[in-house]
Amino acid sequence: MGNDGGCVARGHRICIVTHAGDMKCHGNGKQHGSADGHDDDPRMASAFQKHQFTILLTLFQIVFMILFGLFGKYDTATMPEGSEDSLPMAVKYPLFQDTHVMIFIGFGFLMTFLKRYGFSAISINMLLACFTIEWGMIVRGMLGHEFAHEGKFTIGLEQLLTSDFAAAVVLISMGAMLGKLSPVQYLIMALIETPVAIFIEHTVVHTFHVNDVGGSIVVHAFGAYFGLACSKAFGDKSQREHENEGSIYHSDIYAMIGAIFLWVFWPSFNAGVAEPADARQRAVCNTFLSLVACTITTFIVSQATDHHKKFDMVHIANSTLAGGVAIGTTANVVLNPLHAMCVGVVAGALSVIGYKYITPVLNNKVGAHDTCGVHNLHGMPGVLAGLVSVVFVLIYEPASYGKSLTVIYPAWNSASSQAVNQLIGVGLVLVSSLISGMVTGFILKLKLFNQVREKELYADGDYFETPADYDFNTRIVSRIDRVEINEHTQLTQKEI
Amino acid sequence: MGNDGGCVARGHRICIVTHAGDMKCHGNGKQHGSADGHDDDPRMASAFQKHQFTILLTLFQIVFMILFGLFGKYDTATMPEGSEDSLPMAVKYPLFQDTHVMIFIGFGFLMTFLKRYGFSAISINMLLACFTIEWGMIVRGMLGHEFAHEGKFTIGLEQLLTSDFAAAVVLISMGAMLGKLSPVQYLIMALIETPVAIFIEHTVVHTFHVNDVGGSIVVHAFGAYFGLACSKAFGDKSQREHENEGSIYHSDIYAMIGAIFLWVFWPSFNAGVAEPADARQRAVCNTFLSLVACTITTFIVSQATDHHKKFDMVHIANSTLAGGVAIGTTANVVLNPLHAMCVGVVAGALSVIGYKYITPVLNNKVGAHDTCGVHNLHGMPGVLAGLVSVVFVLIYEPASYGKSLTVIYPAWNSASSQAVNQLIGVGLVLVSSLISGMVTGFILKLKLFNQVREKELYADGDYFETPADYDFNTRIVSRIDRVEINEHTQLTQKEI
Amino acid sequence: MGNDGGCVARGHRICIVTHAGDMKCHGNGKQHGSADGHDDDPRMASAFQKHQFTILLTLFQIVFMILFGLFGKYDTATMPEGSEDSLPMAVKYPLFQDTHVMIFIGFGFLMTFLKRYGFSAISINMLLACFTIEWGMIVRGMLGHEFAHEGKFTIGLEQLLTSDFAAAVVLISMGAMLGKLSPVQYLIMALIETPVAIFIEHTVVHTFHVNDVGGSIVVHAFGAYFGLACSKAFGDKSQREHENEGSIYHSDIYAMIGAIFLWVFWPSFNAGVAEPADARQRAVCNTFLSLVACTITTFIVSQATDHHKKFDMVHIANSTLAGGVAIGTTANVVLNPLHAMCVGVVAGALSVIGYKYITPVLNNKVGAHDTCGVHNLHGMPGVLAGLVSVVFVLIYEPASYGKSLTVIYPAWNSASSQAVNQLIGVGLVLVSSLISGMVTGFILKLKLFNQVREKELYADGDYFETPADYDFNTRIVSRIDRVEINEHTQLTQKEI
């Protein structure tokens, strides 16, 4: 005589219930921390733990500002007072702004794909990028010639651009750790990684004279392998099969906002520091063609390797970008459109295969969980970029570059010596990123730093004020399968 | 004594039920193809059908790369080796990047308005754009002087920009066919349309010396009428009143991301190839003013023609852009701000009226279903642009252009001869697009190519791995009207 | 024996019910106006009320076009016919386009944070911006020298940029009034505010020779205090604690699209009219550093002042931008990176504290409801910018600017006289914005203009065709707390 009779015969039934206690939080649009929130639990949180984000970030910011105050000065060399030469900025500013969009919109939205981690992804991306921009500007400034001679470092348009590159390194590593760190831990990671990455970049570029115009070796490969090693050292099993780790329909579309802005502006990233003008145009064209070929390859391999012959949005959002990474080191070098396209094709295929077959192995066998799959978007394509650079050093005639040769390869001696240097660069980055990442992972595990509760992995709830519906789609939608409407006024009236 | 008594008296009741079978797919965040998926059904799918996307796209990509390898070379004329002339790229690169954003973000997100077709819209947009960029570069290259003389075609910044224009043609046609084609069919459409469109453009511009700086005739009108004719030849009744064809609240907002980026960057599209500098500035200003006036007109007409005096997001997202199309042909020509605004006003009104009164007729009487309403955004405004160009040829003094005249109208003879040429251009585009679109529609109907199942029209399900909530808002939300909370602990306790 | 026994013991139960009457609106994907819609009620709406948007906007547009026709002409001075000097546009066009993105994407999406007001936010933003661009171009043109001498005003790239600035003023005021005005009322507000704001700007810049390169005084402070005064005069209690005023998870993420584009392109806004080249580079660098430091400060203060030590997305989306406002007036002036960072730190802290402690007071005590918190993003930081400009006038050596000095401070006499002028500028803007805003608020209250029904405050329903799910997340989701699945086939079968 159940009044749900028409439905329950199917063997399951869903009741929609509320706890009296939970209802309290509705109505004002915000869910405030529940009793089990770690911050509210006096047993778990010392004063330092409760305030450590505030304390540490304030401290870092003060130190950074003191360093800026002591050593920073604006560029008056390339643009002296009253200068009316508008061309330098007309050339560089659009490249910088495109890169700036990539860092904040591109990386930020690409990481919103997790269903319950949208606020964190976009916000922590912004925080880490700003933190690294300041820290990176200081570190890079202190490594420069000018600082050695004058005790000052210059800040100008060029430095804004390279500070965005520094941010990219940290954001790539963040991709591997996404959802597993507390805000404090993200900061500690950035604090350690930035000087290591910039020092290694400095060594690779200035000691070994490696050409890496788009930073595929020193930015992408470094960031990815640092992140993976960090994840290996830091991770435990609970992070590897968590119900929060997945997307919803809308979050996959948000991610595409980030993905496409990265895709569209990648030529500016790779051409940002390319000199002179002909090399800059080549960098744009090579990146463009590599991305186009990579995208087509991504669609082919994504479908071909799927059991149901469906495309996977993870591949569309990530592997399509691998062509930009893989051509990055040699964007100013490649002289033949077909060569750029070949690089893109290999990168796209490698990346999809990575998502499909290598990431699960890294996750389950190696224990290096990689939330965003940065190994497939930045790691392997970055190493590929390095290897490709060896090939192109060897196959192109140096004379083809005319006067640009010494700009592209400042210490050109012979093709084989340059090729060896390019290889050394790749090796140095791999070794240093893995070691420093591993060490960082162990440091992040220290109980000193706030850790994410297992239940709140890949979730905003502990760190952001969230509206009442924040986990509706993930907590409830997937359990409601169908709504049936039955007319049964009569039956009901009888029952009453 | 039913414990739902408080609710059911209203005459309907909703039970929320799950099928045991369906529940299997929950939990891992992905819904895998169900038993009725065509790809899984051995009776329906030959090996070729199952793999045809992989096979065909691989084949096309290989052929394209061979052609790039044989005939493509980088531009070393405008920027020779070691060139330090940064100005050409400083002028053109931002215009190119804005256009690039329009193609991938603009068109891509504008088409995400369908409630269940977001993954496809944004992904297939990307795939088709890349496919057409490659194919268009080859076709355009082979039609050029250089290829005729040297057997090579050049790739440089200019060619990246024009390849984006080629992509626009195909993406406009995609708008008319949105949701009705399988990935393979979209590719076939792009494969056929691209060479026809570029050949017609070449004829219009180089044989008849038509001025169409923003491509309103050869890009917008061609793409729209090709798509409509294709839809007419391809369509059947099931596509015309399908429950999946509609938006949800969020998808209408996604679409605005695309719409506004198109709106904001349209001046760059129309000025992209405008020469010299004064004509470039005019192209920007005319497009800006036409869009502004068009937008205001759209709001007026959208509300005025609505029975409930409400605005319609379809108009806001689409008709506001018609001013960019309508001024496109003459963006470099118009010498008076008011004239640009008048063009925008007419375009906005025409476009809203098109959505309101003409699209239903095309759909129901003519049988040319137009998912995005490209007829109202690109078709009619494109033809309007052509007619407007005739008017402006006749009313302006040629002397007003100074030295620019021969750049704008390279074969200027007299106003009347140029006016006739402009008209011939419009006519040629209309005839060729309708015929080639119609033929393409018949080809797409061939059983040889995978067709979309009727149930999965305008839906991602058959072609993309979708999260569990993907159709929640469309399948379930619309059936839940209200949630009531009743306190009846006592009643319940008695029952227990 | 209730078959919901497992659930109801918790004391609440939710039934999901539908009214037969309500179901009518489902199925076609659109909810049409219900019987209580004001437009449908003949008792409430005179013909003028029903059509007033159409009538007034048509009238305004016709008048604007007549004025453009009589007085507008294109710029042929900086770019004469046939000009081949591409540099001016290469320098300015990217700055203009970035600003253009800020106005339409930035402001537009930032205001989509309300859960039921997304269509209105993005659409009305577009409408008001276009309306103000036209109206502002006319007003500014008529105040110029050229108009006084020749009876014409020029339109060129420079004027497109300044018309975007004019739009910003109105959009900031719109932020204070968001959700409380009907489309007609928004137009009336823009109609009144634009000439006042431009006249005051003209006085501040041309009479008092105030340096306000990024418009923080004349754009941000003016817009904010105008909006607050308008809100005070217009508002009533029903607007201050409305259930529609709040966000959902997705709308907070949309808002971040707008926030980050504003953040990324703010250097272009502040550098847009900076001359010469060295001042332009400084404007970019100062804005960049101020924003970075402001963002870090926002995270610190947002968490430190929160009871649960959580970040608030309202701060992340808004207060991070305060650094761009606060450095705006002096972006071309500041000569030391640390100084720019200090301005950013103060701005970020001030803005978060404003949201936390000042906005509630303004709302509850002063009665000036501020939907977007423009007081914290534009108002206080704008005043701060003005005060900061006094400080920097006094502390920097005028000689440091070289030849740029007379461009930055065209009527430079002495540091103290310039400082006084800067202060007068701030005072003039505050007084004029408060008075004109107050008057406008009273005008908007006139019953002559359509008013928003109390129930439909902060909601799209009365003004936009909305899909069936439009208020699902806000109306229903927050009341469903948990879905339980119980296997009870046996029980059910017994009951049947």
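Letters A, B and C mark the chains in the order given here, with residues in each chain numbered from 1 onward.
As a convention for this text, a residue touches a chain if its C-beta (ideal position, glycine included) is under 8 Å from a C-beta of that chain, and two chains touch if they have at least 3 such contacts.
By chain, UniProt protein names: A, B, C = Ammonium transporter AmtB-like domain-containing protein.
Everything numeric here is computed off the predicted structure, so don't read it as measured data.
Student: Give me the superposition rotation angle from chain A to chain C, based on Cα atoms, as a multiple of 5 degrees.
Tutor: Rounded to 5 degrees, the superposing rotation is 120 degrees.
Student: Over half of interface residue numbers shared between chain A and chain B means same, under half means different, so which is it?
Tutor: Different: fewer than half of the residue numbers at the chain A-chain B interface appear in both copies.
Student: Starting from the mean Cα coordinates of chain A and chain B, work out the distance between those two points in Å.
Tutor: Comparing mean C-alpha positions, chain B is 30 Å from chain A.
Student: Mark out which residues of chain C touch at least two other chains, giving numbers and ranges.
Tutor: Residues 4, 8, 11-14, 16, 18, 87, 90, 94, 250, 257, 479-480, 483, 485.
Student: Please output the residues of chain A touching chain C within their complex, sorted ascending.
Tutor: 1-2, 4-5, 8-9, 11-20, 22-23, 26-30, 32-33, 37, 39-40, 50-51, 53-54, 57-58, 61, 65, 68-69, 72-76, 79-90, 93-94, 97, 100-101, 104-105, 108-109, 112, 118-119, 122-123, 126-127, 130-131, 133-134, 155-157, 160, 183, 250, 254, 257, 462-470, 472, 475-476, 479-480, 483, 485
Student: Which bits of chain B are touching chain C when the two form their complex?
Tutor: 2-4, 6-8, 10-14, 16, 18, 23, 87, 90-91, 94-95, 98, 115, 246-250, 252-253, 256-257, 260-261, 263-265, 267-268, 276-278, 280-282, 284-285, 288-289, 291-293, 295-297, 299-300, 303-304, 306-313, 316, 320, 335-338, 341-342, 345, 400-404, 473-474, 477-489, 492-493, 495-496
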